[in-house]
């Protein structure tokens, strides 16, 4: 083991059409870290997560997870390797109940699902009350909790979150960030894309700024918070 | 009037059995399965094969015929539909392929069993008579079997992991993949359940009337109407839709020539598509 | 020998009629992307309208023109509400419509003669001595096929045709360009249905008889197979497709005598092969024989 990288993307090139959206992006996620990715709309942040998780097949570059090359594997394989992903939107099954959503998160496991669901529901007490309600009836914040809970069902070795605070009321945003920290404290490294740069950088070990599908800046969370350029562009002076 | 209502419930049960599978397959595979009616026909003929040609008793024959129909749909998924899915074929390609499949199934049936009507080997059944209202034993059987199957499906969908995964897939196929749900496997379950229900519907149709190579084709339009009425991908909607269509068709015979029954489902179909294309229970 | 030639002539007549019919579908599907699965309805409506008008005393040539126009109008009538629907819904609605039309033909005996159909109407070529009738019919059909082909060719190369193509390729782009996509689609289906009507009228003249069973939903699928086999969006391909299709249909008709197989069985096997062909085409060569893979966008 040369370092404590859990997940590493090296020079990823990917896109939806002939056009490349990512032009060689590299990031690293180490054990116990929260790493954030910020950048303007359309920078390719979601595209990066999709390429890591096998939803898009990278044209060039490598994805290394737990010292294994997983480049180009399909999402269902990557889940089995121990990575979980919460997409930016449509990240729950709306006609299923909270409990059923969590159960689907553990689809590939044979047993122990009940105990795990109960464990997650105690971590998300709001959901406990609504465990048998359809997710479509929940608020945006609660739905985001369901999505994260679903992703935690397999005790992943890395968790990818795409804009978990998008569209939430300010008080809920704080709650979501607290949950992210809490999940991380239990030993799950998290790679998170966020618009809410100030908040996410303040809880991140490290952060990356993406622009036009390229690495623009990177550094410790606190350093980026104090970086003039970042301040001007994303933190709104 | 009550007599037509009873006929309507019997017809509606058969339509509902067809509609459930069509609706689930439509939703989960993005496939407008124009061959679905022909699976109903196939179920009836395979049962006829075991029952009349091979002399098995009707219940055993029906069980074999229905299971075999389901198995055939699984094989077809392996050799056709999965290949098309993996190529990323869109809904129109799938639709045209389904029409080709419908031609193949129907004409293989004609080739094997001829174009004329056949019937099961049945003990003469008596009609039950309640104060002048006739109910045939096969009619009663149809409604009971359909009701039991619907209860079974409801239990599968709500209580089993496979059933919940089917609903998850129907909600959001991409998320299901990301979550690690084995999509190909769930699709096979959907085919198996959908076509065997259709086959049961075909057998029941044969019990109530006769078995003909084009019976499934004639059931297809009312089935589409039931599916759209109930909302694509909503098996409960398909059940209710089936009953509504069946009852409306039979009730219409009070005022219209009975040859226009099918026009009634067509009119309902168009009205729903124009006014509430997501179906009566749809929320979207 | 004489039988051989007259057989080939009658085959060529059917080829011509179905080629015209399929050209109408190719305009709708191949060039505009309309999923019309009820094409046969307009085939029947054209034929019945012409014959019924003629029986009511309208001179035959006027009745023919009227029949073609009525078929086109019915196309508009169906498309006006249905064109607002998604493609798959449109397919279901049109297939349903064609069945309703057939039930109407079967059941409204006072107008359509019911299952017995209609005979006793004027035939345009009645002045031709009867031994040459088939040849004259063939010449007429082929001339009309050529005319249809040329008109379509001119239309498709006109600005109107370029808009149709752009709709097929990307409806949203055409909308953004301010083209009234809905109106163009209605025009396309009107013309396609009128062409189907013409083909239907010719079929009635060829048989000198009209019967609802000529207008089964299966006939729509014939047209689809012809179009897809030849290559969607390619009129030459459609004509080639029609030629291959009718050659196949007639070659497999010779059997009784050579093969130990009844004609029902043979008819069924023929349909099995056609169904398989459709499946294989969709799986391995959706662009057909002459179609352009790049241009063909099946899913809109």
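Chains: A, B and C, in written order; residue numbering restarts at 1 for each.
In this text, contacts are C-beta pairs under 8 Å (C-beta built on N, C-alpha and C of every residue); 3 or more make two chains touch, one makes a residue touch a chain.
Since this is a predicted model, take the numbers as computed values, not measurements.
Contact counts per chain pair peak at B-C.
Put simply, the chain nearest the middle, going by average C-alpha positions, is B.
Separating the centre of chain B from that of chain C, both taken as means of CA atoms, is a distance of 31 Å.
Centroids built from CA atoms put chain C at 55 Å from chain A.
Between chain A and chain B the centroid-to-centroid distance comes to 42 Å (mean Cα coordinates, whole Å). Across the interface of their complex, chain B is touched by residues 53, 55, 74-76, 79-80, 85, 87, 90-96, 100, 103-105, 107-108, 136, 150, 154 of chain A. Partner chain B is touched in their complex by these residues of chain C: 35, 37, 81-82, 84-89, 91-93, 95-97, 99-100, 103, 106-107, 217-218, 221, 224, 228, 264-265, 267-272, 274-279, 282-283, 286, 298-300.
Interface residues of chain B facing chain A in the complex, by the touch rule stated above, are 161, 164-165, 167-168, 170-172, 174-183, 283.
Residues 32, 80, 83-84, 89-93, 95-97, 99-104, 106-108, 110-111, 114-115, 217, 221, 224, 228, 257, 259-260, 262-263, 266, 269-270, 273-274, 277 of chain B are the ones that touch chain C when the two sit in their complex.
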